[in-house]
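Next up, some structures in structure tokens.
What follows is chain A paired twice: with chain B in the first complex and chain C in the second.
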Partner chain A sequence: MALLSVDELCVHYGKIEALHDVSLTVDEGQVVALIGANGAGKSSLLKAISGIVGVASGSIRFRDQVLTDCAPHEIVRHGVVQVPEGRRIFSRLTVQENLDMGAFLRRDHAEVRRDFERAFAMFPRLRERRNQVAGTLSGGEQQMLAMARALLSKPQLLLLDEPSMGLAPILVDLVFDSIEAIRKDGVTILLVEQNAFVALQIADIGYVLETGSIVLRESGPALLENDAVKRAYLG
Partner chain B sequence: MEATADKSATPPAGGDLAGAPRARPGSGDGGMLGGLRKVKRFTFVDVVLWLLRIGVAFVVIGGAIGTLIKGRYEASQWVDFVVFGLTIGGVYALLALGYTMVYGILRQINFAHGDTMMAGAFSAYFAANYFKRNGMLESDAVIAMVVTVLVAMIVCTLVALTVERICYRPFRHVRSLAPLICAIGASFFIQHTFRAMYGSTVRSFPDTSWLNGDVSLLGGSMPVTQVLVIGSAAAAMLVLYLVVHKTRMGKAMRAVSEDRDAAAMMGIDINRVIVFTFTLGASMAGIGGILYMLVYKQVYFFMGFLPGIKAFTAAVLGGIGNIPGAMFGGIFLGLVESVGPALFLDGLGVPAPYQLKDAIAFTVLIMVLVFRPEGLLGERRAKRA
Partner chain C sequence: MSFEIVSSGFQHRQRTGTPLSQALKTGIVFGVLSLYLALVGVYLTFDKSWVVVNVLSMGRTLLFVVPLLAGVQFARLNRSQSRAVQLGGTLLVGLIVGGFTACLLPVILFGNLRVMFVALSSPLAKMLALGLTPVLGAAVLVAGSAAAALFGALLTVMSPTVRRPITVGLAALAVVALLQEVLQLILRGGGAAFSFITRGLFQYGGLTVRGAIIVFVAAALVSIVVARLRAPFKARFAELPPGAARFLRQAGIVILLAAIIFFPLIGGSFVAQVFLLVGLYALMGMGLNVEVGLAGLLDLGFVAYFAIGAYTIALLTADSPHALASMSFWAALPIAVLVSVAFGFLFGIPVLGIRGDYLAVATLGIGEIVRVLVLSDVAQPLLGGAQGILNIPSPAIGSFELATPTSLYFLTVCCLALATYFAFRVQDSRLGRTWMAMRDDEDVAQALGINLVKTKLLAYSIGAAFAGVAGAIFAVMLKSIFPHSFQLLISINILALIIVGGLGSLGGVIVGALVLIGLPELLREFGEYRFLLYGAVIVAMMRLKPEGLWPARIRRRETADA
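Here is the complex of A and B:
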């Protein structure tokens, strides 16, 4: 059974239809990439999964839990955690406090301490900047913080919305290395990217979203070879 | 469930009272320089704004010089003014915290906050009277006062949470003026409920031996009440600061006030944080209400109105949404109101300067809103991402 299954999902903003009958599944342990042009509705899909935007019709299921009627914080409790587009770190809180917010729901304090250590091992820069106000971090450090913060929620499914946005190539590599590492830790990943080339390289499955509808679903390598995809997204 | 709307439509991040960027012809953020550069296009509004600036500068500087030349007040009187300013400023600060914290979370002004304080003060009055009658207010003053304070805090919290539930929660997902108007309605409702129940007579906090008299402090002597009020206000603010910065819910509150959706994505229950915020603000209002009652010795149904608006002024002064700003704004307003009449108005020959202390307070509000809507400590809008 799929870990996450989205069925015929529609999302509207007033009269604008952002998603139309979108269906998608993510199996446990996979990295699934979702690519598409600006405004295709990628972020809307992730927001719908996280409960940040309401759903007009269709369903979202995670294991045997229907997420469609859950509040955002309940969805996190079920193990679905998002690193939102543009990072959205709490810029007036310190790095440590941001990470504390990631662990907000957790009561297993010993385990949380271990996860802090693991996050710092993955992103050593954050340890050095622990007591710094997060708004003063560089863009790359902010992306690391956003990912570390989400990891502290102990996700089973991690939703990443354009983690490479605005980063220099060397940092893009670093971010994607950590995505691989996160996957090795057993976390399933749904990855939204403009940078289709890097995303499809690590993806087991890729979906292409165009103006609110899924138009293609293939394995990552197959999409990399697909002519239409090459023309539209790989330049 | 709502089908298409945003589950948690977030108000825009930039959170100034003035809302959308306002067109301020001519004298924009550049202040004096901006004004000079555009000297050729001096509009009517510019003229008015400059007259306002010059007028206030004249009153402040001219009045102060006049007063000092006259030398009507001795040093000890100035000290008294300052101490009273700190006293009433502490109360304003406690109330301002409620406005500012709720604004930080909801981007809405809780107009019923002053009346929440009144409800707390009223119940504290009844509690204190009860202890007066059974003698505990004298014999076990500490226990009696602790219980009195708790009663005020609990009543304030109940009122505030009811207001939140009725006036704010239904409008969480829509951006409109409805909550504000609803809260104004709640404000009148609370006032008139108390009037109906307890009439419009002015009552006063029961007399106690320990509240009268002076204490000698720093070589001078000060009324016990003022020492008590300043000390309690400072202690309450310290506790609040620690709660907001050190506790899990306090941090969540700051996270929500910065980015509600991102906080929700971390598993923070927004409704719980809102309830927490109203509770904190109301607790401060409960303490503030008792202190206000100790200063002015008055309890009546309308008592929340003026301090409420003053505290709102203080919150705006410090930059609404900014917690240290509210503390600063409260103290600042208290000082201006207390020192101002003697310092600025007496020198100009105003016959009864103290009658004008409220006018001074509201001049401050208007000046801040016109010239620095982000508050004295507030960040400039441009800084926000």
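Here is the complex of A and C:
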């Protein structure tokens, strides 16, 4: 059974229809990539899954739970955590305090401590800067912090919205290495990317979203070879 | 969040230009400033107060302080120029400033602009002419301005060892002159020991000549002694073991705090009244600080909770037909707090989904709705309408009534201490952290599992509790309450004081209340003009110390790291 299944989902902003009958499944342990042009509705889909925007029709199911009408904080409790686009860290808290907020809901303190160590091992830069105010971190460090913070909430499904946005190629590699490492730790990942080339390289399954509808679903390598995808997204 | 006090990275470019153009510019800027002060009536108003009784009025002093500051400014910009250039430039600056001011004389005497500027009256002309004939007066004014500018420039270029005693002496003189009414009140209240000082320095209306000299010389001497002792003292302090140094520092803070807290005891009832007001505002500041400083919820309707606390006390304790019960203050106080909390919760609900600037406007609406409702005919039978509720009894401990400002002040201090402790604990708690996360980014906080509804409503409720306590004390302070006591201006004052003190900082709330509420009260003598000080403090603060007088820990760190 799929870990996450989205069925005929529609999302509206007033009269604008951002998503139209979108269906998508993510199996446990997979990395699923969602690619599409600006304004295709990728972020809207992630926000609908996290409960940040309301759903007009359709359903979202996680394991045997229906998430469609849950409040955002309840969805986090179920193990679905989003790293929103644009490095949204708590800019006036320190790195450490940001990470603490990630572990906000957890009561298993011993394991939290172990997860802190894991996060610091994955992003050693954050350990060096744990007492720095997060707003003064570099863009790349902020992205790492946002990901580490999400990991500390011990997600089963991690929703990543454009983690490579605005990063230098070397940092993009670092971020994607860490995504692979996160997957190895047993976390399932739904990844939204403009940078289709890198995303599809690590993806088991890729979806292509165009103006609110899914137009293609293939394995990652197959999409990389697909002529239409090559023309539109791989330049 | 869109409501941010941004410390601007905007820096003035190094001024360039020839000394001549700078002299012209400085002269014109300060000349216009002087014109402005004359036109809005500052000179004339302050002419009624004395620096030295019957010798030097504050208005006249101010008349020459403006060119003095112009001289300081010019000398600062031209430190590296030759003496001759400095001298000539400064004289030019002073002449321009004096000239601008003197221009008003013919305007008043021959023109008729009183329709536009009420202040342009013959008393102003008499004052500007320094009591002489217009022509002679104008000449003396211009020459005096040049001399003042020269003095300012001289102060700027002279060695600090000489300058410091002079400026400290003058500053002390200014402070004593401004606060003379309060000082005399305090000294009179202090009995025989102080009456000796009072007679030595003051007469009715201000300092005597002898008093002015004594104040100046004493302050200058103190400054010299302090300057001498400072270095050796610092060296000794540095040699102390760290434990002892920390103990000394903490002891110093405790003594200072105790001195401030117990000051109204020697200051008498006027000072106690002022401090009581400061305490009440600080109490409300603690509450608003939870909402704005920690949770980032900009609330302009905060006065509503203050009113609710006050009206609850009135309804439960007053000896009036409107009263619902006749409880004691102590029984009613917890109820007042609970009612405020309930309304904080209730008023929070409609504004849950509103952010930033819009939230400010929405909460402003709520505050006004409360006031208008209290005033309305509908609520008249219950709340007494514009006539308010009278005969609120003072709280009593046994047979001792807390009726004087001093006793109510100590009640406020106790509440404030409790409130500060509570705010301190909650700030470092999990809840406090949650508020700060929500302040920085609501969406992400939500995406990490924070229940925004609960977190926001808790902030509104807890903030309201503090205001409820302040309102309760306010009611027994006035012994009667009226809707017009709960104006929007109070909300704005509280917001201003927590910003000036340092958003999110508990020490800042108290410092802000002392500066923005205490100082204007002490300067009551100057009527509405004391708000000039209020405005000037806020503008100066935002320019010079945007993070506040006592910045919150996190802001301090930010500036240190940036």
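Just so it is clear, the second predicted complex is superposed on the first by the 235 of 235 C-alpha atoms of A that agree within 3 Å, B and C clash if a C-alpha of one lies under 4 Å from a C-alpha of the other, contacts with A are read in each partner's own complex, and residues count from 1 in each chain.
We take it that contacts are C-beta pairs under 8 Å (C-beta built on N, C-alpha and C of every residue); 3 or more make two chains touch, one makes a residue touch a chain.
Predicted, not measured: the structure shown is a model, and the values here were computed from it.
After superposition onto chain A, the modelled positions of chain B and chain C overlap sterically.
Looking at the shared chain after the overlay, A:Val133 reaches chain C, while chain B stays out of its contact range.
When the two structures are aligned on the shared chain, A:Ala121 is found in touch with neither chain B nor chain C. Once the two complexes are overlaid on the shared chain, A:Val66 sits clear of chain B and of chain C alike.
Applying the stated contact rule after C-alpha superposition, one finds that A:Ala228 touches neither chain B nor chain C.
Within the superposed three-chain model, A:Val53 lies in touch with chain B and out of touch with chain C [touch as defined at top]. When the shared chain is aligned, no partner comes close enough to touch A:Ala181: not chain B, not chain C.
Once chain A of one complex is fitted onto chain A of the other, the partner contacts of A:Leu105 extend to both chain B and chain C.
Of the two partner chains, chain B is the only one that A:His12 touches; chain C does not reach it. Residues 50, 52, 71-73, 76-77, 81-82, 84, 88-93, 97, 100-102, 104-105, 135, 149, 153 of chain A contact both chain B in one complex and chain C in the other. Residues of chain B touching chain A in their complex: 1-8, 248, 251-252, 254-255, 258-259, 261-270, 385. Chain C contributes residues 433-434, 436-437, 439-441, 443-452, 554-555, 557-558, 561-562 to its touches with chain A in the complex.
If you check the complex, the residues on chain A that touch chain B are 11-14, 50-57, 69, 71-73, 76-77, 81-82, 84, 88-93, 97, 100-102, 104-105, 135, 149, 153.
Those residues of chain A lying in contact with chain C across their complex are 50, 52, 71-73, 76-77, 81-82, 84, 88-94, 97, 100-102, 104-105, 132-133, 135-136, 149-150, 153.
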